[in-house]
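The following blocks contain the structures, represented as structure tokens.
Same chain, two partners: chain A is paired with chain B first, then with chain C.
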Partner chain A sequence: MKVVYPREQWCVACNLCEVACMTEHSKTKDPLKMYLMERPRPIPRTRVEYRPPLSISTMCRHCEEAECVEACKNGTLTRNEKTGRIELDQDKCLGCWMCIMACPYGAISQFTKGIGTEERAVANKCDLCPDREVPACVTVCPNRALVFEDRG
Partner chain B sequence: MEQRKYVIIGNSYAGVFAIEAIRRNDKEGTITVISKEPHRAYARAAIHEYMDGIIGDSQMYYRDKDFYERHAVTTMLGSTVTRIEPKKNKVVLDNKQTIDFDRLMISSGGVPITPPIEGSEGPGMFTFTTWDDAKVLRDWVKKQKDPRAVVIGGGLIGLQCAEGLKHLGVDVTVVELADYVLVKALDQITAQRVQKWLEENGLKIVTGSTVESVHRVKGAVTGVKLKNGEKLKCNTVVLSIGVRPNTGLTEGSGIRINRGIMVDNAMQTNVEGIFAAGDVAEAEDFLRKRADVLPIIPVATMQGKIAGYNMAGGKKSYPGGLPQNAFQFFGKNTVSIGNVIYADKLGGYEEIIRDEGGTYKKAVLQDGRLVGILSMNYITRIGIYNSIIRARMDVSGIKNRLLSDDFGFLDLPKEFRDEMLTKPG
Partner chain C sequence: MLYKNPYNHYFDYVVQRDIDKCIRCKACVTQCSYGANYYDADRDLIYSLDHNCVGCMRCSTFCPTDCISIVRNPDAFRLNANWKDHNIKDLYKQAGTGGIIITGMGNDKPFTNYWEHMVVDACQVTNPSIDPLREPMELKTFLGRKPDKLEMNKNGDITTKLAPQLILETPIMFSAMSYGSINYNVCESVARASKELGIFWNTGEGGLPKALYGYGKNTIVQCASGRFGVSPEYLNAGAAIEIKIGQGAKPGIGGHLPGEKVLEGISETRMIPVGTDAISPAPHHDIYSIEDLKQLIYALKEATRYEKPISVKIAAVHNVAAIASGIARAGADIIAVDGFRGGTGAAPKAIRDNVGIPTEVAIAAVDERLRQEGIRNEVSLVAAGGFRNSSDIIKAIALGADAVYIATSALMAVGCTLCQQCHRGRCAWGITTNDPELSKRVNPELAAERLVNLIHAWSNEIKEMLGLMGINSIESLKGNRDRLRGVGLSEVELQALGIKQAGI
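Up next is the complex of A and B:
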């Protein structure tokens, strides 16, 4: 299946992947409105590490034998048998962080969903942008340091 | 080819993952799941959150309602296997009915340890390992005018139960025999901090003692007496000193038992065609290179999956279990991976500790290799350490970076990073 792969030799730590990811997962799909007005503000599902001269952007690998799915206690994380993607149901999530403990890629984050009394900490990770043909981070990357490929 | 008959005893994490693995490899065989509990698979590890009403039924089921139908599984819920007859390829149920199998998986889980305590017979005594346990306990404390509970055992289950009861407005005292709580999961420093946090949130905790007798007036629990002489007033007692592998059904079958059912790396017992997985199984421990029972979800699901593949003719090998725990009490998170307590108890380990700003992180090294990680209040990307432990990587060159909050792939050797990040996961 196709997932996003980093090519660290081309990454310049511009962080545009993170911005594109937040925008794609926002209500307005507009980076400025999203940043200034949306609460809770989306958080990036890809993460840029920067240790000059190196940098790299990594996110969920949608593993075939996904350790997050094996650790999840209530089925919040499941594998979609048709697409192969690992799906996360935030409405179901208990915030137990077994997935964060298990993911060897460090690709799952804590996210505070809702505001005020509705506030609830849930898991958050790359969903490969289900509304797009190519994930937003890949499209926006100026250097092709992120590619969307099937490496079997 | 004739249809293969798969029988699975137990309907929890190991059972569900075994069903999925079997069906990925064998669409024709019959699968029968036998479970003494009446429910379809549910989140056993979330019963404390169910008890205090944080979550409802919909968050308890971890597979769809049609899961069994889609996987063509016959369920026998509410049935107990009393005997296994390997020579006849049969299991015998409590109603004397027999079920034939070609491949059997035993994932009968654990049963609460209930030592004899004077006065423990009768109402007001509870265990806390099943969904029904949680419902019964909740209904009971809601009926009490002045609900007061003593929880015997300060392990993970006991403390989760205690927090759940506290949220229900119950006055709770936890009694732990060891010198501090969570003695099997945490080191002393972390455990004592968790304990302090629990006390700040209203739990009373007595350590270094246990309940000697339960006192009753006209049959109703009125209090307990501790070994240290102290008396505690209560109307509810929860026994949660631990669970042991539920191996009773293997008696007389010739299946080899040590603490749990002994299995090889294919998850097969000494009897060909009979497998075991989950809290009942005793399998290889990745770090210690010897067999042990490791009653945690990731181990149960992985073992169930591997057993399922192999029952259906596949060849998958168990890489060995790694202790992993993630838990929170009153909103604070703790994660531990690998061996974090042996350094406390045995010599020969090196510890690196970062203790600042409310965050406590500890790495345990053995001959320069990472074997354990423990973190309180900062768990971002903590799972990366799994890969480092599994790779038996020498981390002595990156000790200064190992516990940084922004520790990541760029701190690791390029070959390792490429291996992980440029290939399918």
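Up next is the complex of A and C:
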């Protein structure tokens, strides 16, 4: 199955993958409106770790043996048997953070969903951009530091 | 800026940011290698220190909302036709530092650009043009000594012993840029592109990194006055050897790589300790005459069993024709003439902008002289120094060059925006820097693709131009000055270029 692989030797720490990821998961799909108008503002599902001279963009590996799925007690995290992708259903998430503790890649982050009385914290992670053929972060990366590949 | 020296606080660019469009992504902050952009968490705003900006446009091209414009500093001295902006600022700088002003890239002064005063002929009615999409068009170029005559046996096999030749699929090569002045990733990009294109790249005077020996068949190895990285193994690794006498950007002085740029890999390749300045002597201390040059040429031929062409590269200077004639007679197979618009990783600005002559006139003069002396066939002529597009190249070949060298254009294909900061080793585009964080901005996979694209585009344009002249082989354009005409040139200039005035 194809997932996004970072090639840290070419990552230039430009953060554009984060911007593209947020934009792709916004209502307007426009970086400016996403940032200025959307509340809650989307958060990136990939994170650029920047410890100069090193930098790397990391997101969910959609593991074969997914620790997060094992850890999640109410079926928020599941494997889609058709695509092989690990999916996260935010409507179900209780915000217990067991998945965050379990994920060896630190690929899950906390996200405050809804506003006002609707506000609640849920888990958030890479969904490989289901509406796109090639994920947003891979398309935007100016230095091919992210690739979308099936490495078996 | 509070703690500054007002006497030196004049700067060229202003980073304009439309803050309404800024999404605080900090791309501009991480991308600026000159510390001109920063994020202030207290105010959640991005600010710029304009005086640090060199106008490289790395930040504005990366900004995802296009909210940055790099503009010329509107802060203006009183207009003065004599004291131009740069004259004034350079003077203040030197009064502050007491030092020579160092810069990068090529001569940027508004000298006459002769390419822009030459036009190309086309076929109409009486001679048919050729459509390169429908008919074969040959760009293959052979560099090296050609025999006076060819002898064949009864079967039509050539019996004359031919001198070694470099075979180029298109008459364009990547000019000398040393490992150290550019980083390993750029060297690899250029090497990869050369292999794919069937052309050559030139190591410059910094030696050949071990990991690139595999590209030897497409490599010209250079031997300069500092002899950095020169060993029998190195000389035999390439397809040809080039003796560097001079460079267009700084005729008369040697290469200079500051110690800060001499890191591990560079030190190993150059065979000098880490952190030492790599300063090439101005002359080769074993070459004080054409006879001495001949000795080195033959020493290198001996060292490589007469299997490789030897090139001699000189800067285009006033007496270039006579010098080239001497070089041809000294046994060189190729002469590369580098005009004053050629780039450099570091040169004193006074030298870069005032020494040498344009490659256009130099090529015309050398070709003419070698023809007059009947030795044009004994040596190939490579023009270098400021080629910007395929039409410059077509004109150089019509003036008498066999092929051209490009370097500035090649770096531009990889991202360079001509900000002229190469000497500082902080290139924001990751080219003229060895800083590990910046060097990875050039991914050879991508960069090689862009270089290949550029040369393909130019080669196709060259074919189109040959076709409209009714020529189906680049060979037939060489020195064919009758296909050029001058526009807006004086009689003396036309004479120097050996071309006629348009309309005649």
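Quick note on the criterion: the second predicted complex is superposed on the first by the 152 of 152 C-alpha atoms of A that agree within 3 Å, B and C clash if a C-alpha of one lies under 4 Å from a C-alpha of the other, contacts with A are read in each partner's own complex, and residues count from 1 in each chain.
FYI, a residue touches a chain if its C-beta (ideal position, glycine included) is under 8 Å from a C-beta of that chain, and two chains touch if they have at least 3 such contacts.
These numbers were taken from a predicted model, which means no experiment stands behind them.
Colleague: Contacts for A:N143 in the overlay, against chain B (first) and chain C (second): which applies, first, second, both or neither?
Modeller: Only chain C; A:N143 stays clear of chain B.
Colleague: Which chain, chain B or chain C, is in touch with more residues of chain A?
Modeller: Greater contact footprint in residues on chain A: B.
Colleague: Taking the superposition on A as described, I'd like to know which of chain B and chain C A:C17 touches: first, second, both or neither.
Modeller: A:C17: touches no partner chain.
Colleague: In the superposed arrangement, does A:N74 touch chain B (first), chain C (second), both or neither?
Modeller: So A:N74 only meets chain B here.
Colleague: Quick one: is A:E49 in contact with chain B, with chain C, with both, or with neither? Answer first, second, both or neither.
Modeller: It touches chain B, and chain C stays clear.
Colleague: Given the touch rule stated above, what does A:M98 touch, chain B (first), chain C (second), both, or neither?
Modeller: first
Colleague: Just chain B (first), just chain C (second), both, or neither: which does A:R61 touch?
Modeller: Once the two structures are laid over each other on A, A:R61 reaches chain B alone.
Colleague: For A:S109, using the defined touch cut-off, is the partner it touches chain B, chain C, both, or neither? Pick first, second, both or neither.
Modeller: first
Colleague: Just to be sure I follow: which residues of chain A are touched by chain B in one complex and then by chain C in the other one?
Modeller: The overlap between the chain B and chain C interfaces on chain A comprises residues 50, 55.
Colleague: Within the complex, which stretch of chain A touches chain B?
Modeller: These residues of chain A touch chain B: 1, 3, 5-6, 8, 47, 49-51, 54-56, 58, 61-67, 69-75, 92, 94-106, 108-110, 151-152.
Colleague: In the complex of these two chains, what residues of chain C are touching chain A?
Modeller: Interface residues on the chain C side: 21, 23-27, 30-31, 62, 64-65, 430, 435-437, 440-441, 443, 445-446.
Colleague: For chain A, which residues are in contact with chain C within the complex?
Modeller: The contact residues of chain A facing chain C are 9-16, 18-20, 31-32, 34-36, 50, 52-53, 55, 142-145.
Colleague: Taking the complex as given, what residues does chain B use to touch chain A?
Modeller: Contacts found on chain B: 17, 43-46, 49, 54-55, 58-63, 297-298, 301-302, 305, 324-328, 333, 335, 337, 379-384, 386-387, 390, 406, 408-411, 417, 420-425.
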